[in-house]
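Dropping the structure in here first, questions after.
Chains: A, B, C and D, in written order; residue numbering restarts at 1 for each.
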Amino acid sequence: ETADKRIALSNNYAGNSWRQAMLTSWDKITKEAVNEGTVAAADAFTTAENQATEQAAQIQNLILQGYDAIVVNAASPTALNGAIKEACDAGIVVVSFDGIVTEPCAWRIAVDFKAMGESQIEYLAKKMPEGGNLLEIRGLAGVSVDDEIHAGIQAGVEKNPQFKIVGSVNGDWAQDVAQRAVAGILPSLPEIAAVVTQGGDGYGAAQAFAAANRPMPTIVMGNREDELRWWKEQKDANGYETMSVSIAPGVSTLAFWVAQQILDGKDVKKDLTVPFLRIDQENLEANLESTEKGGVANVEYSLEDAQKVIGADM
Amino acid sequence: MSAVRNLGSRPWIWSFAAAAIVWVATVWFTGGSSAFGLSQATLTFAAFSIIVGVGQMFVITLGPGNIDLSVPATMTLSGTLALKVMDVQDGMILVGLLVAVLVGVAIGIGNYALIKLLRIPPIIATLSMSFIVQSFAIWTNRGLRIKPPEMLSSFATSYSFGIPNVALIALLISTVAWVLLEKSIYGRWISAIGQSSFAARMAGIPVDGTRFVTYVLCAVLAALCGYLLASFSGGAALNMGAEYLLMSIAVVVIGGTAVAGGNSNVPGIWGASLFMFLVVSMLNTYGFGAGVRLILTGLIIIAVILAAGGRKAVR
Amino acid sequence: MKLSSGAIRLVIPAASLAVLLAAVFYMQPRAMSYTGLNLLFNLAVPIALATIAQMLIMSVNDLDLSMGTFVSFTACVTATFLQSSPAIGILILAGAIAAYAALGVIIHVRQLPSIVVTLGMSFVWGGLAVLLLPSPGGAAPGWVRWIMTAKPPLVPVAIVASVIIAASTHLLVMRSSLGVLIRGVGGNQRSVERAGWSIVWLRAAAYAMAGFFAVLAGIALVGLTTSADANIALRYTLLSIAGVILGGGEFVGGRVSPIGAVIGALTLTLAGSFLSFMRISPDWQIGAQGAILIVVLALRLFLNRLEKREKNR
Amino acid sequence: MNEIAHEQEVVAARGVKVAFGAVRALDGADLVIRAGECVGLVGHNGAGKSTIVNVINGGLTPHEGTISYGGEVAQGITASRAHGVRCVFQELSLCPNLTVAENARVMHSDLTGTGWRKQALALVKQQLSDIFPGHTIDCESVVEDLTIAERQMVEIAISFGAVADRPRLVILDEPTSSLDAGLAGQLMAYVRRFVEAGGSVLLISHILGEILSTSNRIVVMKDGKVVADKPASQFQTRSLVEAMGSVVREQGSDRTARVRTGDAVLSKQLNPRSDSRLEAYAGEIVGLAGLGGHGQTEALLEIYLSANGNWWPTREPKMAFVAGDRGLNGTFSLWSILKNLSVSSLKALSSRSMISDGREAEVGDRWRKRIEIRTPDMDNPILSLSGGNQQKVLFARALVTTSKIVLMDDPMRGVDIGTKQEVYEILRSEASAGRTFIWYSTEMDEIRLCDRVYVFRDGAIAAELVGEEITEANVLAASFAGGVAV
């Protein structure tokens, strides 16, 4: 029984559409849960700057405020460990997702980012067996998600030596930054067969290619609505083919239910994996339909969905 | 005598020289084939740094301690609000522009009110302001990317006579800024205030009024840049201004405007903006990682300031 | 009784800290405990150290815009070299302090604006940090972790550390000869020069001491977080400036107060907690940080008025 | 010079020349101070007194001439301090942010060891009660909390104080300018005791009474040279004033008594405590006289700032200001001569807020000829001009405007005789055309050019002199508080 339990969301960043979608999903699902009396409260807290120190302080405040569980999207997989440990010591359930933490006392809802990177190359290998030149757009330097996706892409390229990464830039998971960086390196690149990305950067890359009047390569997308819509337009116009992959922002709601289940006394494994959300040529239209204008393709979890994930992993 | 005069205008030469060197180094890597494409891309993206840089330059010219850290948040809010108001309709383009300008005016007024009425140092006043503006941007649209009107976005991304339209706008703004600085009374006034605000006051210059107008001008240019950038990149993002905080300051400083105030330099901002884009492209082209890129950027800033020298002691 | 201006300068920071603390206790009574106080304040310890470093730079009328990246860099060194091969780690950190002293010399000799030089250095330190830790990681040396998680009797370590920092830097900056001379440079450089002292040497000393405290900040931070990343302390630049101002320091004139600076750092940390206790809607949480910065700094205006009135009596 | 004289010499400056740009601050001055004497140094404002102090103190290297301490030629602050020279500067030189004891630490490098604070405190306390018995200064307070007089007392006490070596020579540059008569008397008594005990003092003051009563020997400086050096007993107040005063040239004749017309163009109560008003009528040249630093500059600033808004540009500025302190509030050092000249009248030189290059250049040319700015090109940097010529530009800046009132803050510092005559000529013609000038000057010659003069003392108007009443004697008499009967 968790009717008197209070759950907090500690979030380190709210500055892009993915994060806003994540907060919206949280808000929507937890409000229902509170109204139905499943839990007593589910408050969201976001730090002003994307900083581990600020988030650590925030978590310590949440401990003081007596929350029973804290759901964390962490600024750093390791730098919050001190604060997370304090929370565990105070008897608080800590569930991390997306930006997960390494502290053993916490639960982790992880996306296999490495596999996500590798899947891009696998898709490309099937689509263009003869291989070709790749441009890699990376995320924010110094952050672990960037490192993992990159590692996956590298592993994929090693397995498929017909592909060669001829250029790499940091797009910071933002369309405009990616556009700027790609436009700068593009003139000095040879013919590009495909662009591998991390999400939030595909549309910017497409614009840079269009502006430079270069043949449009296969750009792997990252589930943002503008990316999907651009893909749809190209598909209708000239049969453009690609795939899109990213973590669904609604994973915050899964984390919420996991926390609730743990509080409810359920035995839950410390490491859960959620599948990333992949969109292909066939289900593009369906996904575009269900994606909010300007938002991100999303999957929200109900209690039953969550129980399935927990069960499947047992 | 003319040698003495040239001394004052020399610093900006270096930013152009540096930009040229980096351009050659990048083009050379590809055996010359990238010359045209690289130049076009450089002009396009330098344009945005130029627009915010010009605004920041006006503020920095006001003398030590004057700086506007609210540039990124202003860009974000104006882009977000303008695209929301326009709502993809071509007919609303001018209304959107007006909204952007009003956002700039409001933030400029807010900044100077904090500086003047509450005596908060500009560096902290504008930072606090930027937090509030950022929250406002989140509250208005929750980060949803609204597309710009078709006409506006195709204007922002296309070329006239082979030159990117945004670069032409930057040129227009720089020309106006240059005329303001070199030919107008206002330009004389900010330069005088930057050299000594007390002497300016004693020469009959309305110091507060001039400073106020300058902070508003800087915010309006940032807002305009946000409007253009959002139209150019297919929508406003909550973090779209982030890059332009240090960028706006760096292009001013590297461009040869005196940090001690009083001496500003429009051409230098062009040189420095071209250079800042090219240096990243070059390091990307040569395959350097983020760490080396940062270190080189820092060393270059220090090298330029060392070469340009401090303000020489005057008799 | 007539209060000295130094005392008045401490009254408002101390009072605002007290008010804020009372409000927090009222909203959350369980903060009023050993663990509660430690949770509220332990992350203020590295901020206090960084604020002291910034204060030393400001005491000679300069400003350091690289404080945040420098602390990040030293945190990365602490989590890597200092942990795995202490000798090399100490060498690197000593080199970083020497680099600070050299900056002081260059800024003085070439008459450069400290703002631009340190802006450039912020890129350099940031780049070095990214090279050192391309992705988050490393580990706190055992002894650092031990110090930062110690459980002294009666008073939590966060309070003990704050008091030690305040007391020792008070001795260093307000009581020692060197501290007097450094503040003298900020107050009236010409008369210090006329009395036969070398200003270059004094500025170098101030910068070196700032570097030393910034290094301590990095080490303390890693002790709390257990690991580091290249962006870990970026916000310390502005926090440290705000902390000095909040603690009654001024941008020019050598008017600084180490005790005030520590109180300022504690206040800023507490202000953040205060906001999260207030349950502001997520949309406005960022804006509220700006608002509280404005409110607290606007107190300065009030403080100055009060001080002037006190003087004109 | 014989051996014995050398032994007795504490400091000797011989044939010293110092120039600041075009200003010859010291022009071959000799000054010898021997053990056990108090030398009084007097001279008009700008005579070079403070400059020779700086030379003796080691802070300034003379371009020509030698400095010796105890017969040994040496240079620099360290050398002079090593020979026991201490200095109380004209402008206060304590660190305002430090406490009294901490300032003593800065001044005395031999105050070392862990107990320095106690030692410093004892030292200052002891010295303060020696010099100013009955004082109430709290030595643990910060200097900025003290009154001006208290700061002056502290600085004096610190300079006379000794840790290891007693000071051999203490230089006091206008030490009583902010002390009341009682404190000044205590200080003078102490100086006599100090000298009797074998120390030396160099005393600079505009208060001739204390110079005559305290010093053994009086040195008079004028225009960077020593013009008299005699035992104090050979001077009377009147002869001293005569020795100081500059040559009275035939003039004053061309000053025609002006007829006041209409209402005052300016009427301002300067000090809330006194009801005397400063008034000026169209076409008048009003002088502000008195000793330097007695509130004349402040009065001008107050008049100017209260008339000129800080937010809105004024179409027709009522007043223009000519700065005296060029570096602080006059020239814009990054600009050309032309821009410096035109900055106050840009409105008139522009159409639709755009400055017309042609009109600006034309005005520049006109004024270059009219006041003979010696430059080949008005576009040269202002700093390429000599000081005198820079000052002419500042003059022209005010005269170019259409302002009816021109405020002048002792603007002739460092201006040579020829130029001065030219400027006086322009002033007269502008005044007869109806402009009003309010002119603070430290030079008697200039004061005599005025139609009416307000003499300032302690920040307030002490006397108003009209027409023939404007004489050096009357001005001096009004300048010295309770002072010298002339």
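Convention: contacts are C-beta pairs under 8 Å (C-beta built on N, C-alpha and C of every residue); 3 or more make two chains touch, one makes a residue touch a chain.
It should be emphasised that the depicted structure is a prediction, and the values quoted were computed from it without experimental measurement.
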{"item": "Shared interface partners, meaning chains that touch chain A and chain C", "value": "B"}
{"item": "Shared interface partners, meaning chains that touch chain A and chain B", "value": "C"}
{"item": "Pair sharing more residue contacts (C-beta pairs) when B-C is set against C-D", "value": "B-C"}
{"item": "Chain whose Cα centroid lies at the greatest distance from that of chain B", "value": "D"}
{"item": "Intercentroid distance (Cα basis), chain C paired with chain B, Å", "value": "31"}
{"item": "Interchain centroid distance [CA atoms averaged], chain A/chain D, Å", "value": "72"}
{"item": "Chain centre separation (chain B, chain D; CA means) in Å", "value": "46"}
{"item": "Sequence positions of chain C contacting 2 or more other chains", "value": "129-130, 134, 285-286, 289"}
{"item": "Junction residues of chain A - those touching two or more other chains", "value": "14, 23, 48, 141-142"}
{"item": "Touch-based graph of the chains, sorted into line, ring, star, complete or other", "value": "other"}
{"item": "Every chain pair in contact, whichever chains are involved", "value": "A-B, A-C, B-C, B-D, C-D"}
{"item": "In the complex with chain C, residue positions of chain B that touch it", "value": "64-65, 114, 118-121, 123-125, 127-136, 138-139, 142, 246, 249-250, 253, 259-260, 289-302, 305-306, 309-313"}
{"item": "Interface residues, chain A side, partner chain C - complex", "value": "11, 14, 23, 43-54, 56-58, 60-66, 76-83, 86, 90, 141-144, 146-147"}
{"item": "Touch list for chain D against partner chain C, complex", "value": "57, 59, 77-78, 81, 87, 89, 93-98, 102-103, 105-107, 109, 111-112, 116-117, 141-142, 144-145"}
{"item": "Parts of chain A lying in touch with chain B, wherever the complex brings them together", "value": "14-17, 19-21, 23-24, 48, 141-142, 167-170, 172, 174-177, 179-181, 183-188, 203-204, 207-208, 210-212, 224-226, 292-295"}
{"item": "For the chain B and chain D complex, residues of the former touching the latter", "value": "1, 4-5, 8, 179, 183-186, 188, 191-192, 195-196, 198-209, 212, 258, 262-263, 314-315"}
